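Input: a single structure, listed below in structure tokens.
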């Protein structure tokens, strides 16, 4: 660790802590999850960078949305995302959450995940290789450093519209609103 | 699947056609009321493995075709060798409107999820089924999605593509 | 004690795949378990009706992420049967080798999931490491790590690259060299025996009644393996054994998986020895004009989890009229799991589920 | 001067416990990683995690939820004060083993209190498992403590350590069987495999920790680090003869490494299997030991 | 397996002291496999813009976008595929279908971004997109993305062996050269139905051919109809744009096949033979086509020349309801095609089949009527509301070297052989010229020699100014001519026709050609005066080009007729010449000089005539 690092640690321990201690929600949303076990196990060992699977969303700060999102999963994703404490970062995996991927004409998968929850970064690939996940982590570090990974803030500020989109896709949601909805006209 | 078996089947059940085009997948076409009896007969004959129940929507003919695929497990004493190679396709056609069929659970217990799935995706009602609850789907669909008149691409355009992106206000 | 409703999954560390089980528990006992699939439902078979015969080839493998290869194989077999396509001799051998590699990879994944679920991450990590070695082989052969898109109607997509045989052999040797480690640490671990013995016990009669196949059935003592019963690819060209066990519990299921893995490795060596030279691909008709005569076909193969079937219907057009997959996890996950969980301990949910090798995406499709 | 030293000790000894405990957490992950053929996180990873957790918003389920975690943390901190750390023991003369026996129940009770507010079925299962486990190892533990007390005729740990310094370690005395029994219940007290069912992530999503996030989880982690320290320190003090600080820490490290080995080599027990195990071998051995000691005396 | 014990698991601990097996990624690099299916790479020079990749993509990930910088040319559209990595599944079907093999996948697969818009891009290669490809030493994993890619990083690349299309065409059954050079039987036998369907199945429907075809035939549609086993439907599709399929199916210059995307790495689809198959298979055009002309407009149109242009004009105008009269000096339809192409390529029956169908639509044909001789051009102008000139090039040019009047002109030679008595040729024939007409002449000549001098040694040699590489004749024609025994003398120019004492031809004196075209690309041959050669000959045929015969047009009108710098009649966008009501098309207007271009001209002129006629009152 050089001087620069130490200076950064002293200046903003929060940012640095989040950078080097990314705990991912363990949620197999789609087929991209198949590359997560190799990443967190011996061949690639993401724990070198402090990336760990967290058993509960309450403890996590990283949400890897791994692959296609069916309507039923979307509900679980939103629930899980709202359970995560702030700050939290989301990464969309592979083609499917970006623009529908190969399920672009499926009646039961959603096509653009960022319509429903904010996404801080996307990884190309079907599915992304472990290497790409590592590079994505380094990119996420940069975004955290620069303060650009602000998806959770965006979610809080535009909660009304997100909630509206969620209800369009899922029907009435049975759980209460996470934030009070601000008047859009303000 | 040999000739004798075919004759035996045809003698017991009337109005069925047994079609042996290929050694391993003989096709039996029967009418709706006979299905359960034939299934039971096949099970007694050793075809005790219901591989699956499939459904084909023949839109032009306004019919659903239910296909029961039954094959045989290995037997300990191996009395009729070669039976386990055979998968029998038992087909029946039912009308598309008010599609209804008796459940096959009394004969094959594992028919339950297959019938549940067909009920959900094709809208066929199985009388006597203990739980015809939704299996896969979360949303409500006006037409069950696996019917041929349900256009998935159109549906995506109607529902998902119309949801707007959330942009920052600046 | 009061009755609780416990949601096992989908967001759960013990859950492999996006699947959920609703448990009604009293203390540590499960009163009722309800499988709750559908988190991965994409309407796959509906999507296939929109795509031409060749366009379906890259997407069918997506149905099951753990072992996509058997999906490719069954689709290719279905199309070949409907269209009457010929497959070159060498392609049969390549397919067998490829499928057996996939079986090894898949079983290693299963071993990872099982030992991880028992909280035994040491073995879990080893197994995952070894699976990665298999994936490296796949990458070398097909250009994809997970989705290989290799078997297509009419043969396989590319021949072995140079020196690939040696790479297979060396990779499998390095996995095989660790079998004693696995034995010592996992399979001969008394705690594994304690945890798995007698858990999720199913009798042969019940298994047959519920439509079981694969290692669930083989663990009850029936040598039911479609590779033997109805040989496809090159499985009838070499000698091999179907490993079985008698008890029908999680312990024997896991050991059947282990024995099968070893048998597969031996089979690959045998296949590599007798593999003929020659072409590997008979060109399929022009993909934009390819129509298949009206008809239907049912084909089945032995995937790493049991009987995988495909009922394929063509109405004479350029697209499948209907495709319906009989996936092995379907009866295992939706009926047998519910039956076995009833009365079990909460601690054994994952134990039973993973020993049945329930893979969620192929249930939901 | 003595008072100043005492106050200093009161400040320093929890610090030492904390540092050692967190170091052990890091070492634990590092060693596990090496056994699993990988490099593992840097040694200070637990510190980074703690920094992160303190900077993350936790979610509270009410006052009791907060109170419970503080109670268990306070219990652990208090407990540290009763344990001699290389000759440094702030509360050496007050209570000794009996207090420890008593205060050690604080942590599970605190967590049970807090978790009861969490309203998550996983927590209730986790708590019941934790309590059952505590009950299970408490039986042999009490036998062991009784053997110790009757052998050394004292309830003060400092006295026991001193006595060992004069003769030989308790482990190589007639207390040998008690030592073995203690070693056998050590994983259960540490909450490591095969006895980590109370927080089994794959079964009940980390059980008691499932609703903790942010600083709550950080407190929980610190509590975990402290209890790791306490249990091992107790073992070192009672059976391995304590010693001055470096020796003491080395002995702790040795015990800890044995614990990691056990953790790395076994899967998890079911809770009834754990109870069965704990009430069988360790209980019998510690009971025999107790009888042996009574006979000797 | 044993029940196990609790001590054996501790053996795992020895791994504590071993070196971990983890790859220290990203500090230790790991290259993807050689066949890795990563991001796309498109060789823009090779890409034809055919769009097959977009058609085969199961996910709709590829769309074709127009690139304004690229000039479209025959066989190349100015479209390039645009990839959407929010859709792509990296299956590589696009690579396997790509006919030119331009598309491939690379080992690059990193693209991590917070903006989804960056996930779609137009793939290029190192040449067309240099700023996004960096050298391996400047390549950084941490910056790797779609705009930071490694140079020379091959992945899954196309392999013709495993391509999804069939690169080889179904061989056309032909009469063997030894046999065909002995008679005038038709050389090409035509596809059987099975062969035709197999060949039609190769078509990828990219429609590059349709753009290359001057008449823009709906090629992929009619080929699909053949594939589906519906030759009638196919014929209907052809007749939308081309009323002479039996002729075109034999002698078309097949611009389409040159443009065919399959031709880049394999053999082009034999579009011409498929058209011929349709024309030959359908026996009764009237029954198959069921065409009815529009109600009569009462307007009258005269067409001079019954060549392909005139026939097409007659067909299209007749369908519009005009009354059409066609004048031709020959005894039948077809114009130059009736006399030019030898019998072994275009039999008279095929021409008559097409002409008869057009006749059946109510078109009046006046054969053996030479305008200017039997009927004057002025009369035609008076009697008809509009006139279409489709006279083509009917006069052979001569080399004008000394004694060249002793030589036979190509068109005379061909015409006599085809519709009159055959020409007597000597045993040694020299053909001057390197174009297609020269090939026809030479090949006819060798047939005549075999017929007239059976069993004797005969020689036909061809002399052309152009060397092999620039010889204007089709490669196929040259090959076939070689097979039949023609001897070629490329890059020799005629200097003198040598006569013997009796005034008969003795031989041809030739000079070596230095170059044929000057720097500006104009035709101006220069010779090495010192290199000479004598080709012995008793017959010399000149086939160096043709010219039009405008002598039937009265002088004062001819003066009003405007010409382009290349001595072609100047027409407006409706095909009308500078004389009002006089339209023109075909070889006298365009420089392609082939039948299908004449059809294209006729299509344009039909619109023009229709427009023009609707403006004038009924006379």
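In this document, chain identifiers A, B, C, D and E correspond to the written order of the chains, with residue numbering beginning at 1 in each.
In this section, a contact is a pair of C-beta atoms (placed from the backbone, for glycine too) under 8 Å apart; a residue touches a chain by one contact, two chains touch by 3 or more.
Owing to the predicted nature of the structure, the values given are computational and were not obtained by experimental measurement.
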item: Shortest path length from chain B to chain D (each step joins two touching chains); value: 2
item: Neighbouring chains shared between chain C and chain E, ordered by label; value: A, D
item: Starting at chain A, fewest touch steps before arriving at chain B; value: 1
item: Maximum centroid distance from chain B, chain identifier (CA atoms); value: D
item: Most centrally placed chain, judged by C-alpha centres; value: C
item: Pair exhibiting more inter-chain C-beta contacts, A-D or D-E; value: A-D
item: Remotest chain, chain A as reference, centres from CA atoms; value: E
item: Between chain E and chain A, distance of the C-alpha-averaged centres to the nearest whole Å; value: 56
item: Inter-centroid spacing, chain C versus chain B (mean Cα positions, whole Å); value: 23
item: Chain A-chain C separation of Cα centroids, rounded to whole Å; value: 30
item: Gap in Å, rounded to a whole number, between the CA centres of chain D and chain C; value: 44
item: Shared-contact residues (touching 2 or more other chains) in chain E; value: 6, 9, 12, 15, 20-22, 24, 32, 58, 89-90
item: Contacts with two or more other chains, residues of chain C listed in rising order; value: 12-13, 38, 41, 43, 46-47, 50, 58-59, 62, 122, 125-126, 129, 147, 185, 189, 191-192, 364
item: For chain D, residues contacting two or more additional chains; value: 33, 35-39, 201, 205-206, 264-266
item: Chain pairs that touch, as defined at the top of this document; value: A-B, A-C, A-D, A-E, B-C, C-D, C-E, D-E
item: Chain E to chain A touching residues, read off their complex; value: 20-26, 30, 32, 39, 58-61, 84-90, 109-114, 116, 119, 141-142, 144, 146
item: Touching residues on chain C, where the partner in the complex is chain E; value: 51, 54-59, 62, 122-123, 129, 136, 139-144, 147, 149, 157-158, 161, 181, 184-193, 255, 281, 283-289
item: Touching residues on chain E, where the partner in the complex is chain D; value: 6, 9-10, 12-13, 15-18, 20-22, 24
item: Residues on chain B engaged by chain C in the complex (per definition of touch); value: 24-25, 48-52, 54-57, 67, 69, 71, 73-74, 84-85, 87, 89, 108-110, 112-114, 134-138, 145-146, 148, 150, 152-153
item: Contacting residues of chain E [partner chain C, same complex]; value: 1-6, 8-9, 11-12, 15, 21, 32-37, 52, 55-58, 89-93, 96-97, 105, 155-156, 159, 161-166, 201-205, 224, 227
